[in-house]
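Multiple structures are listed underneath, in structure tokens.
One chain, chain A, links the two complexes that follow: it is found with chain B in the first and with chain C in the second.
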Partner chain A sequence: MTTIADISKDNVSKTAQTVGDPAWLKANRDAAWERYSATPYPTRKEELWKYTDLSRINWGKYAVGTTENVVLSTLEKDAAARGAIFCTLADALKKHPELVQKYLGRNTDTVNGKYAFENLAFTDRGFFCFVPKGVKITTPLHVETQSTQDGATLFPRTIVVLEEGAEATVFDQFTSPNAKDGVIGYTNARVELYVGQSARLHYLQMQNWHNGMLHLLEQHAELERDAYLSATTISLGGHISKSTIAAILKAPGAVSYLFGLGYGNDKQQFDHHTMQTHLAPNTTSDLLYKMAMNDRARSTYTGIITMTPDAQKADAYQSNKNLLLSKTARANTVPQLEILANDVRCTHGASVGTVEDEQLYYLESRGLSREVARDMIVHGFFEDLIGKLPEETLKNAVRKAVNDKLGTTIELEDIAL
Partner chain B sequence: MTQPLFKIEDLKVSIEGKQILDGVNLTINAGEIHALMGRNGTGKSTLANTLMGHPKYEITGGKIWLAGQDITELEPEERSIAGLFLAFQYPIAIPGVNVVNFLRAALKAHRGGDMPIKDFRILLKEQMNLLSMQQSFASRYVNDGFSGGEKKRLEILQMAMLNPKMVLLDETDSGLDIDALKVVAEGINRTMTKDRGVLLVTHYQRILDFVKPNFVHVMMNGKIVKSGGPELALELEKQGYDWLGKETKHENQATAN
Partner chain C sequence: MSEAIDAMNNEIGDIGTDYKYGFHDKEEFVFKSQRGLSREVIENLSRMKKEPQWMLEFRLKAYEIYMEKPMPTWANTELLNEIQFDNIYYYLRPQDSEKKNWEDVPEGIRKTFDRLGIPEAERKFLAGVTAQYESEVVYHSIREDLEKLGVKFFSMDQGLQEYPEIVKKYFGTVIPPNDNKFAALNSAVWSGGSFVYVPKGVHVAIPLQAYFRINAENMGQFERTLIIADEGSSVHYIEGCTAPTYSSDSLHSAVVELIALPGAKLRYTTIQNWSKNVFNLVTKRAQAYRDATVEWVDGNLGSKLTMKYPAIYLMEPGAHGEVLSIAFSGKDQHQDAGSKIIHAAPNTTSVITSKSISKDNGRTTYRGLVKVYPNAEGCKSSVKCDALLLNEGSRSDTYPTMEIDCENVQIGHEATVSKVGDEQLFYLRSRGLSEDAAAMMIVNGFIEPFTKELPLEYAVELNRLIQLEMEGSVG
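Showing the complex of A and B:
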């Protein structure tokens, strides 16, 4: 059995064979492998790794070459007839190699160093979503990447491309249905979102892995002129979960919304790093990350807004709100601004709070137990964020996942009177 | 002999070591409405919140009985399920939790299980109509951005839905204009039954024009200093509380002598 600790170039070739790489992709992998080999693991001395320490991870516990399910919903017939593509990465490489080549690896930005090269060299699953010019897909596209095996290793790659004027909603879920207690796993994922001129993408990503997962993810979105992106990250599972989420506003009129929700208990550690990068004038970005931590769980949020000299008349907002549910839970929040343009608007804020005793008392006086009362307040804390999702089905999927994790049975679906 | 619905026996309460209630005695039978009057700061709200089980108030002596059960040591949720309800003077906002889901959870706790959605919907609609509440009210977050009148109406809606045995109304009339006051009072009267007891805490006579009490009590310095019929409230309206202060002072002196 080969593990991450003794992985070699042979494994690159094996992965390429399993996925069915065209020659160009194999060459990309080899190049990534060279960089991977030459790059040391990041240490806590680096700003972005200050709060998440992976130096004591035993990489020998994670076997490479894991096969697990990736389940995709079906594309609307009409959209498919008009050239939309929604399939696994391996299928896309077989059927649409030129198109995939155009986008896969187009964005090579990374702040994850060695981990990013690892994903590029060993990409073994993922999906490709392509919506051609003017095509609007109304039903949310759902992908479920599963992992339940002990010692599993996953290197998913998500690529979503919306051409000019296209519209789609994508629900990208990482989950462990019926995983046994005590299993461990390692996921190193990369997501690339390309939102074309005047296109509109709603991208919801939710990880509710089993609690033995080490989850690393790096996401880059590029927005063209007048493009609209709403990207939501839901972090619930794993023992360590570190996500880097970037929105790059490349052309005037682009608008991006980044939303994040995390609920941690036990000794879970969450680390979210966001980047709102304004490269053009009249661009707008908004961000809201809400984290609730219980027990000994810990959340770190670091976020940077960058305004380049070209980004005149740009607007950016950033807000991180934390709710601590126990005396031993922790939340770090580090907002950062880098403003190189002189005519911009930029605001950021952060807060760390606890559940108010008066709120608990009010709910308890109506017959709710302390636990249910607290869970209800947690749900309420998240609700404004969940309300920003575009579809009722997605809102309910997130509510249910949060509910499952809290372990209470509060009904939250809207009842029309 | 039938036992009283609600009985407060020599209740003494302090907050952070400071004594606020100094031996309160009160008995309320089923079917009775009692008004508890007094100036601000005399201990009325402390009494209401102590009865509901607010953790901030420490009971240093006495007992509280509800339908024969000693509830002195119970948690607020246990008191609620036992049939006690407090309409708050300042209802707290619970952002992100809408009225429907909140009421469903509360009813579930009281019934020990879910109510079929259809029945719940019918009940809620009916009660909201009776309180002249628009349906959109149900999907708003609990007390979040509510006007004073909306908050008080929501308290009455909760009371109507939970159907408690014993109701404590803490300054439910404060901050209401006359129309809102009428709606709220109507809600109290409509849901009143021969099995329910009501303790209405107020420092104005105004609400008593709409909700007719059987008994009126006056609180001063953490004690009930005078009890009487509805005419006592009218007397207070005319003369204020000062004469009572003198009267009780004299009484106290008399006792001391």
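Showing the complex of A and C:
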């Protein structure tokens, strides 16, 4: 059995064979492999890895070449007839190789160094969503990437392309249905979102893996003129979960919303790094990340707004709010600004607090137990963020996942507004 | 009304772009050490100062640490690497001994101070002036009533000679030499600075002031200040800097240690206006014990690169820390300032207010840390950073870090970056002000929370300096 610890160039070829690579993709993998093997693992001395320490991970426990399910919902017939594509990456490579080649790996930005090259070399699953000019897909597209096997390794890749004026809602979920207790796994995912001129993309990503998962994810979104993106990241599972989320506003009028929600218990560690990069004038970005940590869980948020000298009249906001639910829970927050244009509006805020006794007392005086009262407050804490999601079905999916994780007796109907 | 405005506009128009205090006197030295640093330089320095053996050992150990420590790999490394450590004089002494009366101070030095308009106008109001010219104290006087109260206010060198036991007890305890490379350098070659000890229960009504100056070319200034406010006492210390302009770079690397014992209140005010070739890399840190309060009021206008993060360690319950700072970066300047608050005990509180203005290609950076240790319950901290960008090409960065390891706390951070609002400018111009005068007024309003905390003469001086910097800045 080959593991991450003794992975070699052979595994690149094997993966390429399994996925059914065209020659260009194999060449990309080989190039990524060279960079992967030449790059050392990041250490805690690096700013972005200061709070997440992977030096004690035993890479020998994760076997490569895992096959697990990727389940896709069905594309509306109308949209399909007008040229929209929604299929697994392997299918897309077979049926639409030119189109995939145009976008796959177009964005080569890497923040996570070695880990990013690892995904580029070993991409083994994922999906391709393409919405041509002017096509609007009304039903949310749902993808479930599953992992339940012990010692599984996954390198998923998500590619979503919206051409000019296109619209779509994508629900990208990482989940472990009925996974046994004690299983472990490793996921290293990459997400590339291309939002064309005047296109509108709602992208909701939720990971509710089993608690043995080590989850790394790097996401890059590129926005063209007047494009609109709402990208939400929900982090619930895994023992270590580190997500890097970037929105690059490339042309005037682009608008980006980044939302994040995390609930941690036990010894879970969450690390979210966000980038709002304004390259053009009159661009707007907004960000809200809300994290609630219980038990010994820890949340780290680092985020940066960058405004280049060209980004005049840009407007950006960034907010990270943390709720600590136990004496041993922790939160680190590092919201950063780098502003190189003068005619801009840029604001950020961060807070760390706890559940107030008055709130608990009020709810208890209405007959709720302390536990239920506290869970209600957590739901309330998340509700303004959930309210920003586009579809009622998606809102409820998130509410249910949070409620399941809280493990309360609260009925979903009681919290859905 | 319009005449007054014309006069104001004229005044603003007259202001030159040259550094106002950019004259310099001929160098007159009794002793000038060699460029560069070695064990011999330190041994010589310590011998000339007739220091106790433990201080020499402290210096030599610090020197070893300095040699081992790498340069910081963060902040503006490009500028940092320009420093030529071997080209610096590490110790200079302009006179043989300290002079008690102003009249005894050499005329060349007195002239420099006169041109800055300091002593004649303010001397009477000052509690004690420690004017640091070159590396050592040349003028030193303490008003009699302070002496009667038992307040000890000396140069650091004199403090070491007269109160070695107090110095030995506290020196280097807040900032040990191994804290960072520049603290180690200062520990090895420190010279001058102030030593203040305020006895139990004594309230010093008048601010204690000291002016520090750099004059010789390529001359490092490594002053060392230690202020101890004993139980229940209160004191306000003011340090201000102006320095003549020189062509080659010079290094200022101070260490300031403050200790506020239980119930004490200690405020430290600095306005640095080093000439724009100075590297200002200082380490400032305070410890606040039970129910004590420490306040840093910190203004950064000058220097080429400033890296300064006044820190407060809240050691015991009830301690309170405040940092209020402004930074102004003009052409080719980088003010990398901020603050650090460590909540090491329950029920401690802190407030950080930071204001920054960037002009031309100037860059301001706020870099801060709020840390709450486990068990430090009931802590409250609020951080607010506002930045104004005046031109295209100016830059502002905000890097706050919050590490919260305790549940029952309230921590908040807010920051905004914006330019002078068009509506604000339009309103003021519709009232007859020129664009420059309007911008000046808006900037004055922006830094008002800072200036109102300063003694009057400082507030006036600060406004004058900002006015100088602001000329023709609306873009």
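What we mean here is this: the second predicted complex is superposed on the first by the 411 of 417 C-alpha atoms of A that agree within 3 Å, B and C clash if a C-alpha of one lies under 4 Å from a C-alpha of the other, contacts with A are read in each partner's own complex, and residues count from 1 in each chain.
Convention: a residue touches a chain if its C-beta (ideal position, glycine included) is under 8 Å from a C-beta of that chain, and two chains touch if they have at least 3 such contacts.
Treat the numbers as computed from the prediction; the structure is a model and nothing was measured.
Trainee: After lining up the shared chain so the two structures overlap, which partner does A:353 touch, if you call chain B first and chain C second: first, second, both or neither?
Mentor: Only chain C is touched by A:353; chain B is not.
Trainee: Which of the two partners, first being chain B and second being chain C, lies in contact with A:57: first, second, both, or neither?
Mentor: Touch status of A:57: no partner.
Trainee: In the superposed arrangement, does A:380 touch chain B (first), chain C (second), both or neither?
Mentor: first
Trainee: In the superposed arrangement, which partner chain does A:366 touch: chain B (first), chain C (second), both, or neither?
Mentor: A:366 sits against chain B, while chain C stays out of touch.
Trainee: After lining up the shared chain so the two structures overlap, which partner does A:410 touch, if you call chain B first and chain C second: first, second, both or neither?
Mentor: First partner only, chain B.
Trainee: Is A:48 contacted by the first partner chain B, the second partner chain C, both or neither?
Mentor: After superposing on A, A:48 lies clear of both chain B and chain C.
Trainee: Which parts of chain A are touched by chain B and by chain C alike?
Mentor: None.
Trainee: With touch defined as at the start, can you tell me which chain C residues reach chain A in the complex?
Mentor: Residue positions touching the partner: 358, 374, 387, 389-419, 475.
Trainee: Where on chain A is chain C touching in the complex?
Mentor: Residues 309, 312, 322, 324-354.
Trainee: In the complex formed with chain B, which residues of chain A make contact?
Mentor: Residues 356-359, 361-370, 372-373, 376-377, 379-384, 410-412, 414-415, 417.
Trainee: Which residues of chain B touch chain A in their complex?
Mentor: 52-56, 75-77, 79-81, 85-86, 88, 91-92, 94-98, 100-102, 104-106, 108-110, 114, 117, 120-121, 124-125, 128, 135, 138-139, 141, 158, 162
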